[in-house]
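Structures for review follow.
Each of the two complexes below includes chain A, the first together with chain B, the second together with chain C.
After this line comes the complex of A and B, so read on.
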């Protein structure tokens, strides 16, 4: 039972400040996802949590106990590496036995533990194989198994799905989620893939340039991003952003809609997600505008339209309709409540 | 076949024969009844030269001394190479580069320039005329190249594997023992051969640092044939063939690893 807390953690490599006063709180037993693009400091955060890297300043607390100076074993953490890092000269069995061997467990005690874990992960048949004889998904499970045998309190996973083929990725993603719920352990999962973050995380932290931009439930972050960066980072296709300025009567800009809101800033950025724009007028729609579709892509259940506004700005729309007239002006509608407004610094304005 | 290719084959064959003649002579001579000089066809073949050599207590003792000193020195240099190789490969510290280049420089350092001061040093301590002294000197001679090659082989081991070992609770020593050395085994096998062959063939070091005849290894003992009034060339040839056997045996045993080490090494 572990709550993890990072307090004002800073870390730099040479002159590069990777983490700047990072505060983070991870609840016991939750699936926490740390999301960020490359170079955002997410892997560094994970290494610091694991005890692989020393931090320059700040505190790491596990259940309010300072663990800054403790080794990975003493902290009770296990790390699953991006490339699994299985020992190539050992069989699956020996790979999984290694952490126990390092704890000076006797052979008779190691056997049953491995058997149990292997059954849980469905890898009993693989125990005699060498890592190079495993598929990506199998290697992944062995890596998890090696982490499991020691019964750690916290699992740290460093982009565990990025080395897998696309077709098994979503299956393994589901397996991971189910396993986390069965084990009831705290998982800290690092990824650059917003889809993984949205689908797996109980809570998501978005890291950008070593700072936590936003923290919360995935859907809350998606609906109420703190700033334009977070809004752009989450969602695929990404949010449409338009610049608007006050012309005396209403806000006017390169987006398809003109609108009027009560605010005392003259220049704002309006963001609207592709699925919040519709081609048909529905009862409560408060805004209407025109776009010129350029391309329409059928994505199965829905269609993605890439279009230009009359001011020449790209806009993406997701709709259920097919048969989109390319090159002709069509009407679009949206609700002002679905829009997110940002000021010139990119911070969200509450309306 | 083109005329060029035929020509190449002819030239290479002649060269090959020239290179082979000494070996053929050695082989034929070692089975000859009389001490001939030059390549002659013996009237009959005999194992007498081998028998004479292997029943001579001085010669047998020199084989034993040779093995002891070569293997001892090989063990010594590998033992002391592992630690520095690991540290140079994995840790970053001040003067790492100068030290590494210093070691590289030492690999090309001529042995003979060290022998005279070493001789004086050994005389003044108790190391002169002791097997341990020879083992120590031979071991140190091979140390720089061992450190370099082992370091390069450690460099190939992915950092994530080292980190995994650390997460799994292995100390530096344990991760060297259980992860680094097994993964570097092909290079290790090559180094064992390389060191052994160099030590086994080293003449000057035992020749200068030893004086008692019962301590002389095979490389020095072979030389004693020429000191005798009548040189038994057939016995010399037989002894020379025995002299090459350990190296050949080691090559055969480690061939598998040789190929591995020279063709790519460790993959993560």
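After this line comes the complex of A and C, so read on.
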């Protein structure tokens, strides 16, 4: 049971600054997701947390104790790798026994621990197999098992789902969430997939070029992004962004709507999520505009419309309607409260 | 027949034609001599008169296996192989390669190059160099140093020590090759497996013996096969250094074979020894493959 704190952590490889004064606080027993595109420094953060990499400056605190110089085993962390990193020359049993052997546990003590963990993960039948005889999902569970036997304080997971087939990915994602809740341990999960971040994380940190762009509950970040980068990163299909400028009477730009807000900046970027645009007028204070649909994709419960605004800019809309006239102008409506405004630097403007 | 298939057939024939010279080369210089060697091993051919000989069946082999000198030579060769090739070159080479992977890139480059220089040294040069290092009268480098720190000279090339000396010389000359092969092998291991062993708390010692060494199976087999053949064939270095002596203490099979052929001019038995060397090398290679079980 630990909370984890990073204070002003910097790390560079050669001339490349991977992490720049990173501050992060992970609460005890929470499922924390670190989200970032490749090269954002998320794996480096994980390696530093695990004790595989030394940091250049800053502090790492586990329960307010400095662990900068401690080895992975002394920190009590377990790491699950993207490719599972099961030792190919050992059976599942031996893979799981390896961390315990390294702690000089006796054989009689190792057996029961592995039996218990294997039952919990439902891999008892696999104990005599070699890693190459396992499916992706099974290997995933064995990797988790190898992490579990040592009863670590913190679990670090490095994109553990990205090597799995799409159809079992969501199942394993649920399993992970349930497991974390049962264990009540601190999980730090690194991913580039915003969907995983949104669905798993108690808190999410968004990392971009070695800096933490935003930290908070997934829904808060989704609704109130700090800047345009975060707004674009979360959400699938991604948020629509349009540039607007003040023409003396209202804001005018390449989006479908013109609007009037009380702000003393002449150039702004307006963002609106695809699900916040509707094809029917509802409620008060609604902005109206026109678009020309190009393609409509039926995604089961809803339809994704890819369209052009009259100014020729792409726009994506999610709607419940299925019968979309392609190539004809149609009316669209939205609420100004659902829009997020960004200044020229991409920072969010509070209205 | 259309244009395309004609072109294709021409290509197939052309490849065959291009390969013909190398086949001829292989047959003349490799296959034929081996067959000839096997044939002569069953004859009493002698350098005194190579045009007259007769077949003597297994007589040469029977003589060899009843000769204590030959059996001693087999024993020396096997000790030489096991200690200098398997333990010295392969085992030590893998450990040195592992230690090198833990060091900085430039240090690794420099050390690897230095170790490799030994491998690239001409064997006669290496032999003379080792002789001048180990020599007793006049005192070589090591004895010179020993005398300076007040220790009496040791005759490294005496009956007692000569075998150890040639083992060390052979480790020295072959180590770079194994280090190079293992460096490649270790770098080919999935880095996350090695990271994983850190997470699991393996000490550097356990990491090497429990994770890295077993994962190097293929590299080990490749290395063992090659250095075994090199070591079986070692002649120049040892001949220059000890010439099989003193009192046949370092009489490897190759040196024994050379002496049989060119000191006593008995080509038949010498060829029989050659055949035995080939069979031993084959047998040992099969043993490696059996023990290590590469899939």
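Note that in this section the second predicted complex is superposed on the first by the 350 of 351 C-alpha atoms of A that agree within 3 Å, B and C clash if a C-alpha of one lies under 4 Å from a C-alpha of the other, contacts with A are read in each partner's own complex, and residues count from 1 in each chain.
Keep this in mind: a residue touches a chain if its C-beta (ideal position, glycine included) is under 8 Å from a C-beta of that chain, and two chains touch if they have at least 3 such contacts.
This structure is a prediction, so every number in the text was calculated from the model and none was measured.
Chemist: For the three-chain model obtained by superposing on chain A, do chain B and chain C clash or fit?
Modeler: clash
Chemist: What is the contact status of A:245 with respect to chain B (first) and chain C (second): first, second, both, or neither?
Modeler: Touch partners of A:245: none, neither chain B nor chain C.
Chemist: Report for A:286: first if it touches chain B alone, second if chain C alone, otherwise both or neither.
Modeler: neither
Chemist: Which chain A residues come up in both lists, the one for chain B and the one for chain C?
Modeler: The overlap between the chain B and chain C interfaces on chain A comprises residues 50, 52, 71-73, 77-79, 81-83, 85, 87-89, 98-99, 102-103, 146, 150.
Chemist: Residue numbers of chain A touching chain C in their complex, please.
Modeler: 47, 50-52, 71-73, 77-79, 81-83, 85, 87-89, 98-99, 102-103, 146, 150
Chemist: Residues of chain C touching chain A in their complex?
Modeler: That would be residues 190, 192-193, 195-196, 198-203, 206, 210-211, 214-215, 217 of chain C.
Chemist: Spell out the residues on chain A that touch chain B in their complex, using ranges where they run on.
Modeler: Going through chain A, the ones touching chain B are 50, 52, 71-73, 77-79, 81-83, 85-89, 98-99, 101-103, 132, 146, 150.
Chemist: Can you name the residues of chain B that touch chain A in the complex?
Modeler: Result: residues 158, 160-161, 163-170, 174, 178-179, 182-183, 185, 266-268 of chain B touch chain A.
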